[in-house]
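Structure record follows, encoded as C-alpha coordinates.
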Amino acid sequence: MLGMEAAAPKLTREELVERLAAEFPEAAHAVGDFTIEQGWFGGCRVRRRFSHGSLRPGGTVSGPIMMALADFTLYVAVLSAIGWAPLAVTTNLTINFLKKPEPRDLVAEARLLKLGKRLAVGEVGIRSDGQDDLVAHVTSTYAIPEVSR
Amino acid sequence: MLGMEAAAPKLTREELVERLAAEFPEAAHAVGDFTIEQGWFGGCRVRRRFSHGSLRPGGTVSGPIMMALADFTLYVAVLSAIGWAPLAVTTNLTINFLKKPEPRDLVAEARLLKLGKRLAVGEVGIRSDGQDDLVAHVTSTYAIPEVSR
Amino acid sequence: MLGMEAAAPKLTREELVERLAAEFPEAAHAVGDFTIEQGWFGGCRVRRRFSHGSLRPGGTVSGPIMMALADFTLYVAVLSAIGWAPLAVTTNLTINFLKKPEPRDLVAEARLLKLGKRLAVGEVGIRSDGQDDLVAHVTSTYAIPEVSR
Amino acid sequence: MLGMEAAAPKLTREELVERLAAEFPEAAHAVGDFTIEQGWFGGCRVRRRFSHGSLRPGGTVSGPIMMALADFTLYVAVLSAIGWAPLAVTTNLTINFLKKPEPRDLVAEARLLKLGKRLAVGEVGIRSDGQDDLVAHVTSTYAIPEVSR
(Lines give C-alpha, C1' and ligand atoms only; values in the text may rest on other atoms or scores of the structure.)
Protein backbone atom coordinates (compact mmCIF):
# COMPACT_ATOMS: atom_id res chain seq x y z
CA MET A 1 0.00 0.00 0.00
CA LEU A 2 1.32 3.32 -1.04
CA GLY A 3 3.62 5.02 1.40
CA MET A 4 3.15 2.50 4.16
CA GLU A 5 6.83 1.69 4.35
CA ALA A 6 7.47 5.20 5.59
CA ALA A 7 5.13 4.99 8.58
CA ALA A 8 6.10 3.79 12.05
CA PRO A 9 4.64 0.48 13.16
CA LYS A 10 2.07 0.42 15.94
CA LEU A 11 4.34 -1.97 17.82
CA THR A 12 8.12 -2.00 17.72
CA ARG A 13 9.99 -5.18 16.98
CA GLU A 14 10.97 -5.42 20.64
CA GLU A 15 7.41 -4.98 21.88
CA LEU A 16 6.20 -7.66 19.49
CA VAL A 17 8.84 -10.17 20.50
CA GLU A 18 8.14 -9.61 24.19
CA ARG A 19 4.37 -9.85 23.88
CA LEU A 20 4.42 -12.88 21.63
CA ALA A 21 6.74 -14.69 24.04
CA ALA A 22 4.53 -13.80 26.99
CA GLU A 23 1.21 -14.76 25.43
CA PHE A 24 2.27 -17.74 23.34
CA PRO A 25 4.54 -19.63 25.76
CA GLU A 26 3.29 -22.99 24.57
CA ALA A 27 3.88 -22.02 20.97
CA ALA A 28 7.39 -20.83 21.73
CA HIS A 29 8.83 -24.15 20.70
CA ALA A 30 7.08 -24.07 17.33
CA VAL A 31 8.03 -20.50 16.46
CA GLY A 32 11.37 -20.60 18.20
CA ASP A 33 13.12 -20.66 14.86
CA PHE A 34 11.36 -17.52 13.66
CA THR A 35 13.16 -14.23 14.14
CA ILE A 36 11.47 -10.91 13.43
CA GLU A 37 14.25 -9.03 11.69
CA GLN A 38 12.47 -5.82 10.84
CA GLY A 39 9.02 -4.30 11.13
CA TRP A 40 7.29 -1.30 9.66
CA PHE A 41 3.69 -0.13 9.39
CA GLY A 42 1.90 -2.86 7.48
CA GLY A 43 4.90 -5.04 6.82
CA CYS A 44 7.83 -6.98 8.24
CA ARG A 45 10.61 -9.42 7.51
CA VAL A 46 11.00 -12.72 9.38
CA ARG A 47 13.84 -15.21 9.20
CA ARG A 48 13.42 -18.92 9.73
CA ARG A 49 16.60 -20.66 10.83
CA PHE A 50 17.43 -23.77 8.90
CA SER A 51 17.23 -27.03 10.78
CA HIS A 52 17.65 -30.53 9.44
CA GLY A 53 14.40 -31.71 10.96
CA SER A 54 12.41 -29.75 8.41
CA LEU A 55 13.74 -31.59 5.38
CA ARG A 56 11.52 -33.53 3.02
CA PRO A 57 12.70 -36.31 0.70
CA GLY A 58 14.82 -34.59 -1.90
CA GLY A 59 16.46 -32.38 0.72
CA THR A 60 14.11 -29.42 0.57
CA VAL A 61 12.39 -27.56 3.36
CA SER A 62 8.87 -28.85 3.93
CA GLY A 63 5.79 -27.06 2.72
CA PRO A 64 4.16 -26.85 6.17
CA ILE A 65 7.22 -24.99 7.45
CA MET A 66 6.75 -22.41 4.73
CA MET A 67 3.03 -22.14 5.42
CA ALA A 68 3.69 -21.63 9.14
CA LEU A 69 6.35 -19.03 8.35
CA ALA A 70 4.06 -17.12 5.99
CA ASP A 71 1.17 -17.20 8.44
CA PHE A 72 3.34 -15.91 11.26
CA THR A 73 4.92 -13.21 9.12
CA LEU A 74 1.59 -11.85 7.98
CA TYR A 75 0.30 -11.98 11.56
CA VAL A 76 3.19 -9.75 12.60
CA ALA A 77 2.49 -7.41 9.68
CA VAL A 78 -1.15 -7.12 10.76
CA LEU A 79 -0.16 -6.38 14.37
CA SER A 80 2.29 -3.77 13.14
CA ALA A 81 -0.65 -1.96 11.55
CA ILE A 82 -3.43 -2.37 14.11
CA GLY A 83 -1.48 -2.80 17.35
CA TRP A 84 -1.62 -5.71 19.75
CA ALA A 85 -4.61 -7.93 18.86
CA PRO A 86 -3.73 -11.51 19.67
CA LEU A 87 -7.16 -12.77 18.68
CA ALA A 88 -6.81 -11.68 15.07
CA VAL A 89 -7.33 -14.90 13.14
CA THR A 90 -6.50 -16.10 9.67
CA THR A 91 -9.67 -16.64 7.65
CA ASN A 92 -7.95 -18.04 4.59
CA LEU A 93 -4.54 -18.54 3.05
CA THR A 94 -3.38 -19.45 -0.44
CA ILE A 95 0.19 -20.56 -1.04
CA ASN A 96 1.93 -21.20 -4.35
CA PHE A 97 5.12 -23.23 -4.10
CA LEU A 98 7.41 -21.91 -6.81
CA LYS A 99 10.81 -23.48 -6.39
CA LYS A 100 12.47 -26.03 -4.15
CA PRO A 101 14.11 -24.11 -1.32
CA GLU A 102 17.71 -24.89 -0.63
CA PRO A 103 18.80 -26.26 2.75
CA ARG A 104 19.41 -22.85 4.28
CA ASP A 105 17.55 -20.10 6.12
CA LEU A 106 14.26 -18.83 4.70
CA VAL A 107 13.45 -15.13 4.67
CA ALA A 108 9.82 -14.04 4.45
CA GLU A 109 8.62 -10.54 3.77
CA ALA A 110 5.00 -9.52 4.22
CA ARG A 111 3.04 -6.45 3.21
CA LEU A 112 -0.60 -5.59 3.57
CA LEU A 113 -2.59 -5.16 0.37
CA LYS A 114 -5.65 -3.97 2.25
CA LEU A 115 -6.27 -2.77 5.78
CA GLY A 116 -9.99 -2.56 6.42
CA LYS A 117 -11.97 -2.32 9.61
CA ARG A 118 -12.93 -5.97 9.59
CA LEU A 119 -10.45 -7.63 7.25
CA ALA A 120 -6.78 -7.24 6.43
CA VAL A 121 -5.35 -8.86 3.30
CA GLY A 122 -1.66 -9.28 2.67
CA GLU A 123 0.91 -11.05 0.58
CA VAL A 124 4.10 -12.77 1.67
CA GLY A 125 7.12 -13.63 -0.45
CA ILE A 126 9.51 -16.31 0.81
CA ARG A 127 13.07 -16.63 -0.45
CA SER A 128 16.07 -18.79 0.37
CA ASP A 129 18.50 -16.54 2.21
CA GLY A 130 20.58 -14.48 -0.19
CA GLN A 131 18.63 -15.37 -3.31
CA ASP A 132 16.34 -13.30 -5.50
CA ASP A 133 13.81 -15.82 -6.75
CA LEU A 134 10.76 -16.54 -4.66
CA VAL A 135 10.43 -20.08 -3.34
CA ALA A 136 6.83 -19.47 -2.30
CA HIS A 137 4.18 -16.77 -2.57
CA VAL A 138 1.26 -16.41 -0.19
CA THR A 139 -1.88 -14.31 0.00
CA SER A 140 -3.94 -14.44 3.15
CA THR A 141 -6.78 -12.70 4.97
CA TYR A 142 -6.99 -11.90 8.67
CA ALA A 143 -10.23 -11.10 10.49
CA ILE A 144 -9.71 -8.21 12.87
CA PRO A 145 -11.53 -8.66 16.17
CA GLU A 146 -14.03 -5.99 17.14
CA VAL A 147 -12.35 -5.46 20.49
CA SER A 148 -9.19 -4.22 18.85
CA ARG A 149 -10.89 -1.56 16.79
CA MET B 1 -14.58 -38.75 -8.03
CA LEU B 2 -17.33 -41.15 -8.81
CA GLY B 3 -16.88 -44.67 -7.63
CA MET B 4 -13.37 -44.18 -6.32
CA GLU B 5 -14.35 -45.18 -2.82
CA ALA B 6 -14.96 -48.68 -4.07
CA ALA B 7 -11.51 -49.23 -5.55
CA ALA B 8 -8.52 -50.61 -3.67
CA PRO B 9 -5.70 -48.19 -2.92
CA LYS B 10 -2.36 -48.62 -4.69
CA LEU B 11 -0.73 -48.83 -1.26
CA THR B 12 -2.28 -50.29 1.87
CA ARG B 13 -2.33 -48.30 5.07
CA GLU B 14 0.40 -50.54 6.46
CA GLU B 15 2.65 -50.08 3.40
CA LEU B 16 2.21 -46.33 3.59
CA VAL B 17 3.04 -46.12 7.28
CA GLU B 18 6.12 -48.28 6.82
CA ARG B 19 7.45 -46.41 3.81
CA LEU B 20 6.78 -42.96 5.24
CA ALA B 21 8.61 -43.89 8.44
CA ALA B 22 11.55 -45.27 6.46
CA GLU B 23 11.94 -42.37 4.08
CA PHE B 24 10.99 -39.45 6.32
CA PRO B 25 12.88 -40.33 9.53
CA GLU B 26 13.74 -36.69 10.15
CA ALA B 27 10.14 -35.69 9.67
CA ALA B 28 8.93 -38.38 12.03
CA HIS B 29 8.85 -35.95 14.91
CA ALA B 30 6.75 -33.45 13.01
CA VAL B 31 4.20 -35.97 11.75
CA GLY B 32 4.37 -38.20 14.78
CA ASP B 33 0.98 -37.02 15.87
CA PHE B 34 -0.62 -37.94 12.55
CA THR B 35 -2.25 -41.36 12.30
CA ILE B 36 -3.52 -42.72 9.00
CA GLU B 37 -6.80 -44.27 10.07
CA GLN B 38 -8.12 -45.45 6.75
CA GLY B 39 -7.15 -45.30 3.10
CA TRP B 40 -8.91 -46.04 -0.18
CA PHE B 41 -8.23 -45.30 -3.82
CA GLY B 42 -7.99 -41.52 -4.04
CA GLY B 43 -8.81 -40.74 -0.43
CA CYS B 44 -8.00 -41.30 3.22
CA ARG B 45 -8.71 -40.22 6.77
CA VAL B 46 -5.98 -39.00 9.11
CA ARG B 47 -6.23 -38.22 12.82
CA ARG B 48 -4.14 -35.61 14.54
CA ARG B 49 -3.75 -36.21 18.27
CA PHE B 50 -4.41 -33.20 20.40
CA SER B 51 -1.44 -31.75 22.25
CA HIS B 52 -1.31 -28.62 24.35
CA GLY B 53 1.71 -27.27 22.48
CA SER B 54 -0.41 -26.53 19.46
CA LEU B 55 -2.69 -24.06 21.19
CA ARG B 56 -3.02 -20.45 20.12
CA PRO B 57 -4.29 -17.64 22.32
CA GLY B 58 -7.96 -18.36 22.85
CA GLY B 59 -7.32 -22.06 23.34
CA THR B 60 -7.72 -23.19 19.75
CA VAL B 61 -5.50 -25.39 17.63
CA SER B 62 -3.15 -23.32 15.50
CA GLY B 63 -3.67 -22.72 11.81
CA PRO B 64 -0.28 -24.12 10.77
CA ILE B 65 -1.14 -27.41 12.45
CA MET B 66 -4.26 -27.62 10.33
CA MET B 67 -2.37 -26.71 7.18
CA ALA B 68 0.26 -29.38 7.89
CA LEU B 69 -2.47 -31.92 8.58
CA ALA B 70 -4.31 -31.11 5.35
CA ASP B 71 -1.12 -31.23 3.30
CA PHE B 72 -0.16 -34.59 4.74
CA THR B 73 -3.64 -36.04 4.32
CA LEU B 74 -3.83 -35.07 0.67
CA TYR B 75 -0.32 -36.41 0.12
CA VAL B 76 -1.46 -39.77 1.42
CA ALA B 77 -4.57 -39.60 -0.79
CA VAL B 78 -2.37 -38.95 -3.84
CA LEU B 79 -0.06 -41.86 -2.98
CA SER B 80 -3.09 -44.11 -2.54
CA ALA B 81 -4.00 -43.38 -6.15
CA ILE B 82 -0.64 -43.34 -7.92
CA GLY B 83 1.47 -45.60 -5.69
CA TRP B 84 4.68 -44.72 -3.92
CA ALA B 85 6.01 -41.41 -5.29
CA PRO B 86 7.77 -39.58 -2.48
CA LEU B 87 8.78 -36.73 -4.77
CA ALA B 88 5.23 -35.68 -5.52
CA VAL B 89 5.13 -32.06 -4.43
CA THR B 90 2.42 -29.61 -3.51
CA THR B 91 2.17 -26.84 -6.07
CA ASN B 92 -0.46 -24.82 -4.26
CA LEU B 93 -2.85 -25.00 -1.35
CA THR B 94 -5.83 -22.89 -0.31
CA ILE B 95 -7.27 -23.18 3.17
CA ASN B 96 -10.41 -21.61 4.57
CA PHE B 97 -10.63 -21.55 8.36
CA LEU B 98 -14.29 -21.95 9.21
CA LYS B 99 -14.62 -22.41 12.94
CA LYS B 100 -12.39 -22.43 15.97
CA PRO B 101 -11.45 -26.04 16.60
CA GLU B 102 -11.96 -27.29 20.12
CA PRO B 103 -9.03 -28.59 22.16
CA ARG B 104 -9.36 -32.16 20.99
CA ASP B 105 -8.23 -34.44 18.16
CA LEU B 106 -8.65 -33.25 14.59
CA VAL B 107 -9.85 -35.64 11.91
CA ALA B 108 -9.05 -34.84 8.28
CA GLU B 109 -10.58 -36.55 5.28
CA ALA B 110 -9.20 -36.09 1.78
CA ARG B 111 -10.53 -37.02 -1.63
CA LEU B 112 -9.17 -36.38 -5.08
CA LEU B 113 -11.22 -34.15 -7.35
CA LYS B 114 -8.95 -34.81 -10.32
CA LEU B 115 -6.28 -37.37 -11.06
CA GLY B 116 -4.40 -36.34 -14.18
CA LYS B 117 -1.09 -37.49 -15.58
CA ARG B 118 0.75 -34.41 -14.37
CA LEU B 119 -1.48 -32.91 -11.70
CA ALA B 120 -3.74 -34.21 -8.96
CA VAL B 121 -6.24 -31.90 -7.27
CA GLY B 122 -8.00 -32.73 -4.05
CA GLU B 123 -10.02 -31.34 -1.20
CA VAL B 124 -9.67 -31.95 2.51
CA GLY B 125 -12.25 -31.38 5.21
CA ILE B 126 -11.05 -31.07 8.81
CA ARG B 127 -13.34 -31.60 11.79
CA SER B 128 -12.94 -31.68 15.53
CA ASP B 129 -13.28 -35.30 16.55
CA GLY B 130 -16.89 -36.33 16.87
CA GLN B 131 -18.38 -33.20 15.37
CA ASP B 132 -20.14 -32.58 12.07
CA ASP B 133 -19.17 -29.03 11.18
CA LEU B 134 -15.96 -28.43 9.31
CA VAL B 135 -13.32 -26.40 11.12
CA ALA B 136 -11.31 -25.96 7.93
CA HIS B 137 -11.60 -26.75 4.23
CA VAL B 138 -8.64 -27.13 1.91
CA THR B 139 -8.12 -27.50 -1.82
CA SER B 140 -4.66 -28.30 -3.09
CA THR B 141 -2.75 -29.43 -6.16
CA TYR B 142 0.08 -31.95 -6.32
CA ALA B 143 2.51 -32.22 -9.21
CA ILE B 144 3.12 -35.85 -10.08
CA PRO B 145 6.74 -36.59 -10.94
CA GLU B 146 7.44 -38.09 -14.37
CA VAL B 147 9.39 -40.93 -12.82
CA SER B 148 6.30 -42.25 -11.08
CA ARG B 149 4.25 -42.47 -14.27
CA MET C 1 -23.52 -27.82 6.60
CA LEU C 2 -25.37 -30.58 8.27
CA GLY C 3 -29.07 -30.69 7.76
CA MET C 4 -29.24 -27.45 5.82
CA GLU C 5 -30.81 -29.12 2.84
CA ALA C 6 -33.92 -29.71 4.86
CA ALA C 7 -34.52 -26.08 5.77
CA ALA C 8 -36.54 -23.62 3.71
CA PRO C 9 -34.59 -20.85 2.00
CA LYS C 10 -35.06 -17.25 3.17
CA LEU C 11 -36.07 -16.36 -0.38
CA THR C 12 -37.90 -18.59 -2.82
CA ARG C 13 -36.53 -19.14 -6.29
CA GLU C 14 -39.28 -16.90 -7.67
CA GLU C 15 -38.52 -14.07 -5.24
CA LEU C 16 -34.83 -14.26 -6.09
CA VAL C 17 -35.40 -14.17 -9.83
CA GLU C 18 -37.73 -11.21 -9.53
CA ARG C 19 -35.49 -9.18 -7.24
CA LEU C 20 -32.33 -9.88 -9.18
CA ALA C 21 -34.02 -8.80 -12.41
CA ALA C 22 -35.31 -5.62 -10.79
CA GLU C 23 -32.08 -4.56 -9.14
CA PHE C 24 -29.54 -5.74 -11.71
CA PRO C 25 -31.18 -4.60 -14.95
CA GLU C 26 -27.84 -3.64 -16.46
CA ALA C 27 -26.40 -6.99 -15.55
CA ALA C 28 -29.34 -8.83 -17.06
CA HIS C 29 -27.49 -9.35 -20.30
CA ALA C 30 -24.48 -10.84 -18.57
CA VAL C 31 -26.43 -13.23 -16.37
CA GLY C 32 -29.19 -13.82 -18.88
CA ASP C 33 -27.87 -17.28 -19.53
CA PHE C 34 -28.01 -18.26 -15.85
CA THR C 35 -31.12 -20.05 -14.64
CA ILE C 36 -31.71 -20.72 -10.96
CA GLU C 37 -33.08 -24.25 -11.07
CA GLN C 38 -33.48 -24.95 -7.40
CA GLY C 39 -32.77 -23.26 -4.08
CA TRP C 40 -32.70 -24.38 -0.47
CA PHE C 41 -31.37 -22.92 2.77
CA GLY C 42 -27.66 -22.39 2.16
CA GLY C 43 -27.48 -23.86 -1.31
CA CYS C 44 -28.78 -23.84 -4.86
CA ARG C 45 -28.32 -25.18 -8.36
CA VAL C 46 -27.83 -22.87 -11.36
CA ARG C 47 -27.72 -23.82 -15.04
CA ARG C 48 -25.73 -21.93 -17.61
CA ARG C 49 -27.03 -22.36 -21.14
CA PHE C 50 -24.41 -23.22 -23.68
CA SER C 51 -23.65 -20.60 -26.30
CA HIS C 52 -21.00 -20.67 -28.96
CA GLY C 53 -19.64 -17.25 -27.98
CA SER C 54 -18.12 -18.69 -24.84
CA LEU C 55 -15.79 -21.09 -26.59
CA ARG C 56 -12.03 -20.97 -26.24
CA PRO C 57 -9.56 -22.45 -28.71
CA GLY C 58 -9.98 -26.19 -28.42
CA GLY C 59 -13.75 -25.90 -28.22
CA THR C 60 -14.14 -25.65 -24.46
CA VAL C 61 -16.14 -23.20 -22.39
CA SER C 62 -13.99 -20.32 -21.18
CA GLY C 63 -12.66 -20.04 -17.65
CA PRO C 64 -14.20 -16.62 -16.99
CA ILE C 65 -17.63 -18.02 -17.78
CA MET C 66 -17.12 -20.67 -15.12
CA MET C 67 -15.85 -18.11 -12.62
CA ALA C 68 -18.87 -15.89 -13.26
CA LEU C 69 -21.19 -18.85 -12.91
CA ALA C 70 -19.61 -19.95 -9.63
CA ASP C 71 -19.68 -16.43 -8.22
CA PHE C 72 -23.35 -16.00 -9.10
CA THR C 73 -24.31 -19.43 -7.78
CA LEU C 74 -22.68 -18.83 -4.42
CA TYR C 75 -24.25 -15.36 -4.26
CA VAL C 76 -27.66 -16.99 -4.62
CA ALA C 77 -26.75 -19.56 -1.96
CA VAL C 78 -25.79 -16.76 0.43
CA LEU C 79 -29.03 -14.88 -0.23
CA SER C 80 -30.98 -18.09 0.35
CA ALA C 81 -29.51 -18.20 3.85
CA ILE C 82 -29.52 -14.55 4.93
CA GLY C 83 -32.35 -13.10 2.84
CA TRP C 84 -32.16 -10.24 0.38
CA ALA C 85 -28.82 -8.45 0.78
CA PRO C 86 -27.73 -7.16 -2.61
CA LEU C 87 -24.63 -5.50 -1.17
CA ALA C 88 -23.10 -8.77 -0.01
CA VAL C 89 -19.74 -8.82 -1.77
CA THR C 90 -17.24 -11.49 -2.65
CA THR C 91 -14.02 -11.01 -0.69
CA ASN C 92 -12.10 -13.82 -2.36
CA LEU C 93 -12.56 -16.75 -4.68
CA THR C 94 -10.37 -19.72 -5.55
CA ILE C 95 -11.15 -21.84 -8.59
CA ASN C 96 -9.53 -25.09 -9.66
CA PHE C 97 -10.14 -26.07 -13.27
CA LEU C 98 -10.30 -29.85 -13.34
CA LYS C 99 -11.39 -30.96 -16.78
CA LYS C 100 -12.21 -29.39 -20.11
CA PRO C 101 -15.95 -28.84 -20.16
CA GLU C 102 -17.77 -30.13 -23.19
CA PRO C 103 -19.70 -27.77 -25.44
CA ARG C 104 -22.96 -28.11 -23.54
CA ASP C 105 -24.79 -26.60 -20.57
CA LEU C 106 -22.94 -26.20 -17.29
CA VAL C 107 -24.64 -27.00 -14.00
CA ALA C 108 -23.28 -25.43 -10.82
CA GLU C 109 -24.25 -26.45 -7.32
CA ALA C 110 -23.29 -24.36 -4.29
CA ARG C 111 -23.43 -25.05 -0.58
CA LEU C 112 -22.32 -22.97 2.37
CA LEU C 113 -19.49 -24.36 4.48
CA LYS C 114 -19.84 -21.60 7.06
CA LEU C 115 -22.48 -19.01 7.79
CA GLY C 116 -21.11 -16.46 10.23
CA LYS C 117 -22.32 -13.04 11.20
CA ARG C 118 -19.73 -11.26 9.09
CA LEU C 119 -18.53 -13.89 6.61
CA ALA C 120 -20.07 -16.73 4.66
CA VAL C 121 -17.85 -19.35 3.03
CA GLY C 122 -19.06 -21.78 0.43
CA GLU C 123 -18.01 -24.23 -2.22
CA VAL C 124 -19.33 -24.67 -5.73
CA GLY C 125 -18.99 -27.70 -7.97
CA ILE C 126 -19.49 -27.23 -11.72
CA ARG C 127 -20.29 -30.10 -14.06
CA SER C 128 -21.10 -30.49 -17.73
CA ASP C 129 -24.80 -31.27 -17.92
CA GLY C 130 -25.47 -34.94 -17.34
CA GLN C 131 -21.98 -35.88 -16.24
CA ASP C 132 -20.58 -36.89 -12.87
CA ASP C 133 -17.05 -35.51 -12.91
CA LEU C 134 -16.47 -31.96 -11.83
CA VAL C 135 -15.09 -29.59 -14.48
CA ALA C 136 -14.30 -26.96 -11.86
CA HIS C 137 -14.36 -26.54 -8.08
CA VAL C 138 -14.63 -23.21 -6.31
CA THR C 139 -14.35 -21.98 -2.76
CA SER C 140 -15.27 -18.39 -2.02
CA THR C 141 -16.02 -15.99 0.82
CA TYR C 142 -18.75 -13.38 0.96
CA ALA C 143 -18.74 -10.43 3.36
CA ILE C 144 -22.19 -9.93 4.81
CA PRO C 145 -23.15 -6.26 5.11
CA GLU C 146 -24.04 -5.00 8.58
CA VAL C 147 -27.32 -3.60 7.32
CA SER C 148 -28.60 -7.07 6.50
CA ARG C 149 -27.94 -8.48 9.94
CA MET D 1 11.29 -12.49 -11.58
CA LEU D 2 14.59 -10.77 -11.49
CA GLY D 3 15.56 -8.87 -14.57
CA MET D 4 12.65 -10.09 -16.65
CA GLU D 5 11.44 -6.60 -17.39
CA ALA D 6 14.59 -6.00 -19.37
CA ALA D 7 14.09 -8.90 -21.77
CA ALA D 8 12.17 -8.72 -25.03
CA PRO D 9 8.86 -10.61 -25.15
CA LYS D 10 8.58 -13.68 -27.34
CA LEU D 11 5.64 -12.00 -29.09
CA THR D 12 5.23 -8.29 -29.70
CA ARG D 13 2.06 -6.54 -28.70
CA GLU D 14 1.04 -6.34 -32.35
CA GLU D 15 1.63 -10.05 -32.96
CA LEU D 16 -0.42 -10.93 -29.90
CA VAL D 17 -3.34 -8.73 -30.86
CA GLU D 18 -3.39 -10.12 -34.38
CA ARG D 19 -3.16 -13.76 -33.34
CA LEU D 20 -5.71 -13.46 -30.57
CA ALA D 21 -8.18 -11.83 -32.96
CA ALA D 22 -7.58 -14.52 -35.58
CA GLU D 23 -7.88 -17.51 -33.27
CA PHE D 24 -10.52 -16.28 -30.84
CA PRO D 25 -13.05 -14.69 -33.23
CA GLU D 26 -15.98 -15.91 -31.15
CA ALA D 27 -14.42 -14.50 -28.02
CA ALA D 28 -13.80 -11.13 -29.65
CA HIS D 29 -17.01 -9.76 -28.23
CA ALA D 30 -16.12 -10.78 -24.69
CA VAL D 31 -12.58 -9.44 -24.73
CA GLY D 32 -13.36 -6.53 -27.00
CA ASP D 33 -13.03 -4.16 -24.09
CA PHE D 34 -9.54 -5.39 -23.22
CA THR D 35 -6.60 -3.49 -24.70
CA ILE D 36 -3.05 -4.77 -24.38
CA GLU D 37 -1.20 -1.57 -23.59
CA GLN D 38 2.28 -2.90 -23.10
CA GLY D 39 4.09 -6.23 -23.03
CA TRP D 40 7.49 -7.40 -21.91
CA PHE D 41 9.06 -10.78 -21.23
CA GLY D 42 6.95 -12.34 -18.50
CA GLY D 43 4.59 -9.44 -17.99
CA CYS D 44 2.13 -6.99 -19.50
CA ARG D 45 -0.43 -4.30 -18.81
CA VAL D 46 -4.03 -4.53 -20.02
CA ARG D 47 -6.75 -1.89 -19.86
CA ARG D 48 -10.41 -2.68 -19.54
CA ARG D 49 -12.66 0.09 -20.81
CA PHE D 50 -15.44 1.06 -18.48
CA SER D 51 -18.93 0.25 -19.60
CA HIS D 52 -22.16 0.68 -17.70
CA GLY D 53 -23.25 -2.90 -18.33
CA SER D 54 -20.64 -4.19 -15.91
CA LEU D 55 -22.02 -2.41 -12.88
CA ARG D 56 -23.24 -4.21 -9.80
CA PRO D 57 -25.66 -2.77 -7.24
CA GLY D 58 -23.74 -0.02 -5.50
CA GLY D 59 -22.24 1.19 -8.76
CA THR D 60 -19.07 -0.87 -8.76
CA VAL D 61 -17.56 -2.99 -11.49
CA SER D 62 -18.56 -6.63 -11.14
CA GLY D 63 -16.27 -9.28 -9.77
CA PRO D 64 -16.50 -11.55 -12.82
CA ILE D 65 -15.26 -8.68 -15.00
CA MET D 66 -12.18 -8.42 -12.81
CA MET D 67 -11.63 -12.18 -12.85
CA ALA D 68 -11.89 -12.24 -16.65
CA LEU D 69 -9.49 -9.30 -16.90
CA ALA D 70 -6.95 -10.92 -14.59
CA ASP D 71 -7.18 -14.25 -16.40
CA PHE D 72 -6.66 -12.62 -19.78
CA THR D 73 -3.81 -10.44 -18.55
CA LEU D 74 -1.90 -13.38 -17.13
CA TYR D 75 -2.56 -15.37 -20.30
CA VAL D 76 -0.88 -12.60 -22.29
CA ALA D 77 2.03 -12.54 -19.81
CA VAL D 78 2.49 -16.29 -20.23
CA LEU D 79 2.45 -16.00 -24.04
CA SER D 80 4.97 -13.17 -23.83
CA ALA D 81 7.36 -15.59 -22.12
CA ILE D 82 6.78 -18.86 -23.99
CA GLY D 83 5.56 -17.65 -27.38
CA TRP D 84 2.29 -18.47 -29.09
CA ALA D 85 0.61 -21.36 -27.23
CA PRO D 86 -3.13 -20.92 -27.46
CA LEU D 87 -3.81 -24.16 -25.62
CA ALA D 88 -2.14 -23.01 -22.43
CA VAL D 89 -4.87 -23.36 -19.82
CA THR D 90 -5.51 -21.94 -16.40
CA THR D 91 -5.31 -24.64 -13.76
CA ASN D 92 -6.30 -22.45 -10.85
CA LEU D 93 -6.87 -18.84 -9.90
CA THR D 94 -7.25 -17.07 -6.57
CA ILE D 95 -8.61 -13.54 -6.42
CA ASN D 96 -8.81 -11.21 -3.44
CA PHE D 97 -11.18 -8.28 -3.84
CA LEU D 98 -9.64 -5.41 -1.92
CA LYS D 99 -11.61 -2.27 -2.63
CA LYS D 100 -14.69 -1.28 -4.58
CA PRO D 101 -13.52 -0.14 -7.99
CA GLU D 102 -14.80 3.21 -9.16
CA PRO D 103 -16.88 3.48 -12.33
CA ARG D 104 -13.91 4.00 -14.61
CA ASP D 105 -11.35 2.00 -16.59
CA LEU D 106 -9.50 -0.83 -14.87
CA VAL D 107 -5.78 -1.35 -15.45
CA ALA D 108 -4.28 -4.79 -14.79
CA GLU D 109 -0.61 -5.56 -14.63
CA ALA D 110 0.70 -9.13 -14.60
CA ARG D 111 4.10 -10.61 -13.90
CA LEU D 112 5.25 -14.19 -13.74
CA LEU D 113 6.47 -15.45 -10.38
CA LYS D 114 7.64 -18.75 -11.87
CA LEU D 115 8.22 -19.98 -15.38
CA GLY D 116 8.71 -23.74 -15.34
CA LYS D 117 8.58 -26.29 -18.10
CA ARG D 118 5.13 -27.49 -17.18
CA LEU D 119 3.65 -24.71 -15.05
CA ALA D 120 3.77 -20.92 -15.01
CA VAL D 121 2.62 -19.01 -11.93
CA GLY D 122 1.92 -15.31 -11.93
CA GLU D 123 0.30 -12.48 -10.04
CA VAL D 124 -1.93 -9.71 -11.31
CA GLY D 125 -2.70 -6.40 -9.66
CA ILE D 126 -5.80 -4.51 -10.76
CA ARG D 127 -6.27 -0.80 -10.15
CA SER D 128 -8.85 1.81 -11.06
CA ASP D 129 -7.26 3.98 -13.72
CA GLY D 130 -5.04 6.65 -12.22
CA GLN D 131 -5.10 5.29 -8.67
CA ASP D 132 -2.43 3.65 -6.57
CA ASP D 133 -4.39 1.24 -4.39
CA LEU D 134 -5.16 -2.20 -5.70
CA VAL D 135 -8.83 -3.04 -6.19
CA ALA D 136 -8.02 -6.72 -6.64
CA HIS D 137 -5.05 -9.06 -6.46
CA VAL D 138 -4.82 -12.37 -8.29
CA THR D 139 -2.47 -15.33 -8.31
CA SER D 140 -2.95 -17.98 -10.93
CA THR D 141 -1.27 -21.00 -12.52
CA TYR D 142 -1.15 -21.91 -16.20
CA ALA D 143 -0.35 -25.38 -17.50
CA ILE D 144 1.99 -25.14 -20.48
CA PRO D 145 1.13 -27.64 -23.20
CA GLU D 146 3.83 -30.09 -24.23
CA VAL D 147 3.50 -29.10 -27.85
CA SER D 148 4.70 -25.59 -27.12
CA ARG D 149 7.87 -26.66 -25.38
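Think of it as A, B, C and D in the order they're written, each chain with its own count starting at 1.
Everything that follows uses one rule, which is that a residue touches a chain if its C-beta (ideal position, glycine included) is under 8 Å from a C-beta of that chain, and two chains touch if they have at least 3 such contacts.
Since we're looking at a predicted model, the values are computed, not measured.
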Partner chains that chain B and chain C have in common: A, D
Contact-pair overlap exceeding half with B-C, pair selected from A-B, A-D or C-D: A-D
Whole-Å separation of chain centres (CA-atom averages), chain C against chain D: 24
Approximate Å spacing (C-alpha centroids) for the pair chain A, chain C: 33
Residue numbers of chain B (touch at least two other chains): 91-92, 94, 96, 121, 141
Interfacial residue positions of chain A with respect to chain B in the complex: 23-24, 26-27, 29-30, 52-58, 62-64, 67-68, 71-72, 86-87, 89-97, 100
Of all residues in chain D, those that touch chain B in their complex: 91-92, 94, 118-119, 121, 141, 143
Chain D to chain A touching residues, read off their complex: 1-2, 94, 96, 98-99, 113-114, 121, 123, 132-134, 137, 139, 141
